[in-house]
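Chain lettering (A, B, C and D) follows the sequence in which the chains are written, and residue indices restart at 1 in each chain.
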Amino acid sequence: MIDKFVTSVAEALEGVPDAATLLLGGFGAVGQANHLIEGLLETGVANLTIVANNAGYGEVGLARLLKEGRVRKLICSYPRIAGSTIFEELYGAGKLELELVPQGTLAERMRAAGAGIPAFYTPTAAGTQLAADKETRAFDGVPHVMEHALSGDVALVEAWCADRWGNLTYRRAGRNFNPVCATAARLTIAQTQTVAELGEMDPETIVTPGIFVDRVVHLPYGDPQD
Amino acid sequence: MIDKFVTSVAEALEGVPDAATLLLGGFGAVGQANHLIEGLLETGVANLTIVANNAGYGEVGLARLLKEGRVRKLICSYPRIAGSTIFEELYGAGKLELELVPQGTLAERMRAAGAGIPAFYTPTAAGTQLAADKETRAFDGVPHVMEHALSGDVALVEAWCADRWGNLTYRRAGRNFNPVCATAARLTIAQTQTVAELGEMDPETIVTPGIFVDRVVHLPYGDPQD
Amino acid sequence: MSNWTARDRAEIARRVAQDIPEGWYVNLGIGIPTLVADTVPAGREVIFHAENGLLGVGPAPAPDELDRWLINAGKQHVTLLPGGAFFHHADSFAMIRGRHLDLCVLGAYEVSSGGDLANWARSSTDTAPAVGGAMDLAIGARRVWVAMEHVTRSGVPRLVESCGYPLTSAGRVKRIYTDLAVVDVTPEGFAVRDMVEGMTLADLQDRTEAPLRMAEEA
Amino acid sequence: MSNWTARDRAEIARRVAQDIPEGWYVNLGIGIPTLVADTVPAGREVIFHAENGLLGVGPAPAPDELDRWLINAGKQHVTLLPGGAFFHHADSFAMIRGRHLDLCVLGAYEVSSGGDLANWARSSTDTAPAVGGAMDLAIGARRVWVAMEHVTRSGVPRLVESCGYPLTSAGRVKRIYTDLAVVDVTPEGFAVRDMVEGMTLADLQDRTEAPLRMAEEA
């Protein structure tokens, strides 16, 4: 019987290696797999590359990983937000490498990785300093930037409901990057607030089919705090 | 008040021009907007380019358009199926231009058009005769084909439920190409089997948000026949 | 002494909202643009998009109805109108990049007379820069409007010949709403559609780096 | 007189199913591969994918339970198992192209000893050719297996040095299940894993164009 549920964060994170590239779902405080992210501190991994839209909030989740020096490089669109003081300190001190990617390009690069598309062209950032070192090409006379797929060793996502096949749904704005990250990593780990018996989830409304999910841990922690 | 409902097929198809490129949802007999497709016969349009997975079944929908000589070119993955005799006759007689595209590339080219991606690379068809005239490029040593976005003047889709903002859901295997086509045309027209009041459709389960839909006509015709 | 009164931020937003017809799909950037949502004339249905995966964004919730799972791209708590929908980030930016938004309204540091936009970084060596969805919106929406103060706090014009700050997009801004005027970006440069009462073209030109002319039809 | 009996189509399918472990995501092509779904050992959960947007495809429905909205990629009526899901075509082929399927099993006209597959057109000037999802599956699935008759009806080998028919994909087939044998495609060419009872390697070689050897561990 297929059963992707594991019983602890430690079990969920088993085998996540040093220097891994991690894709983190979440936008703002909503849809962040903070329990899994903080669980990485226990496993001792370091030298991580983190792909996420933001650089973390307050002192939870990604902000804690940063503070404890586990992150070598951050690939994100919007690190500088209210409450991202830890990021600013580390970046200012030259202790953190940053690759700044427009938000839509960040999402599309992960989508491409999940869809077996190694590269695509986008008009976003053409002619700006974020495309300064990138290959460009005109289509219908409009300049476009070639962007490469961005895949992860591990994706950490937060779901609202899951079943033992790993089918997932999300909650409102908690969907955000989570379904995209889930498709783009070799190992996708979800924390879920609720659990359904197989067949209870409506097949019309599953957002992430279980084919993209390897492990699920049930963590009914409640509403996001900000 | 926004209201995308129209009251007849004729009204739904108003302004579809000669020589238009039409994107048709549907796979097999399921999810075909046959009433809209056959409505084109009444409008008198001809010289059409049709993008669809199959070349029609029996003598309904696309098969009728073909039979009545309205189609100049077909872009599809699998024209040769049981019941596609009309296609075979026309193609054999040199009366129909055919662009054969692998099914996944067909879907992705329309998805790209809808997503503002003018071109992408896929490993599908690399080294085969379907890529003979196409630009190729190696990524990680693997040959890939550059494919261009495929957009339509008009998309004709079949939905299960719609509201006045044009939000759509589909029914089981009737989803198929419909949501993809809906994103990729300048004018997207849906026929729907059922209608919901605004707010009745669960915002978590809407598959095609109304932003992609211009007109909706209510046609409760029942189950697909094959 | 001037004969005119500058619009405040809410008034700029209201002026923008006047020009948004029913049925448009609109994304609002952070700052003045966010205020536009609250000033759409009653009864006019405009559908607001938030790039974190929402269509049909409604007003801020009453304090006792706050839903912590509902935020917009500025991380503010919002509501969802009947008819709203959720989707993921790749689909959200497909809407943006794929030209499905009728309009986005963005804040800016500078706009050039050629429609270039600078709104994401104050210098090319900005510490801890952040771009978010600005570049995607500024290239992807069918129309790009800017809502901002006409000059900086120290009085430096923001409507310029050529942007000094790093570009967000080139040639995409079509209209600018400021505290003093509404200015179109045309192939011939800036064209003033209207000004606050009492303002003259000469007054406005004094506060604008690039040449202004009156629009032929405003 | 031969000392062996060829497998019929259902037996080929059953032999394939034996080798599919629990938990794999599998797409089955038209023909013999379709039969594999019905022969998975009881109690072993294998999740079947249909490229028209289904995961968790179940067996054919009883005649009185036919749902006309549920078809597979071969346009046959199917059922959906508890845990199944629907999605659109672009997402479906993202699963395929993005290496999320553990396996696809395809029919073929020919397979070369280098793993090239020909299964979509009988000549480069085929009238009314059709490719469907074959090329996407043959390049995208993590493993590509073929299930077919070992020779054509007129006795011509289908396991060849080099495909004569137009290619579907190059170098992607890893294993071939025929009515006579199970053959791996290795960097050194075809390696026989097992044969039907009574068959010898010499017998099999007589029916195979490219050289065969026994696999080191079968």
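The rule is short, and it goes like this: a contact is a pair of C-beta atoms (placed from the backbone, for glycine too) under 8 Å apart; a residue touches a chain by one contact, two chains touch by 3 or more.
As the structure is a prediction and not an experimental result, all values here were calculated from the model.
**Student:** Spelling it out: a chain qualifies if it touches chain B and also touches chain C; which chains qualify?
**Tutor:** A
**Student:** Please work out which of A-D and B-D is bridged by more C-beta pairs in contact, and write that pair.
**Tutor:** Higher contact count goes to B-D.
**Student:** Could you work out how far the Cα centre of chain A sits from that of chain D, in whole Å?
**Tutor:** 35
**Student:** Calculate how many whole Å lie between the centre of chain A and the centre of chain B, each centre taken as the average of the chain's C-alpha atoms.
**Tutor:** That pair's centroid distance is 33 Å.
**Student:** Based only on mean CA positions, could you tell me how far chain B sits from chain D in angstrom?
**Tutor:** 29
**Student:** As a quick test, compute the distance in whole Å between the mean CA positions of chain C and chain D.
**Tutor:** Here chain C and chain D have centroids separated by 55 Å.
**Student:** For chain A, which residues are shared contacts with two or more other chains?
**Tutor:** 108, 111, 115-117, 122-123, 170-172, 203-204
**Student:** In chain C, which residues are in touch with two or more of the other chains?
**Tutor:** 80, 86-87, 90, 93, 96-97, 140
**Student:** Touching pairs of chains, which are they?
**Tutor:** Here the touching chain pairs work out to A-B, A-C, A-D, B-C, B-D.
**Student:** Taking the touch rule as given, give the residues of chain C at its contact with chain B in the complex, in rising order.
**Tutor:** Answer in residue numbers: 22-23, 25, 45, 47, 49, 55-56, 80-87, 90, 93-101, 140.
**Student:** So in the complex, the part of chain A that touches chain C is made up of which residues?
**Tutor:** 27-30, 53, 77-81, 87-88, 91-92, 98, 100-105, 107-108, 110-111, 122-130, 170-180, 207, 223-226
**Student:** In their shared complex, at which residues does chain B touch chain C?
**Tutor:** 1-2, 111, 113-117, 163-165, 167, 183, 198-199, 201, 203-204, 206, 209-212
**Student:** Touching chain A in the complex: which residues of chain C?
**Tutor:** It is residues 50-54, 67-71, 73, 75, 80, 86-90, 92-93, 96-97, 121, 124, 127-136, 139-140, 166-170 of chain C that touch chain A.
**Student:** Report the residues of chain B in contact with chain A in the complex, numbered from low to high.
**Tutor:** Touch list, chain B to chain A: 108, 112, 115-123, 139-140, 142, 144, 169-172, 202-205.
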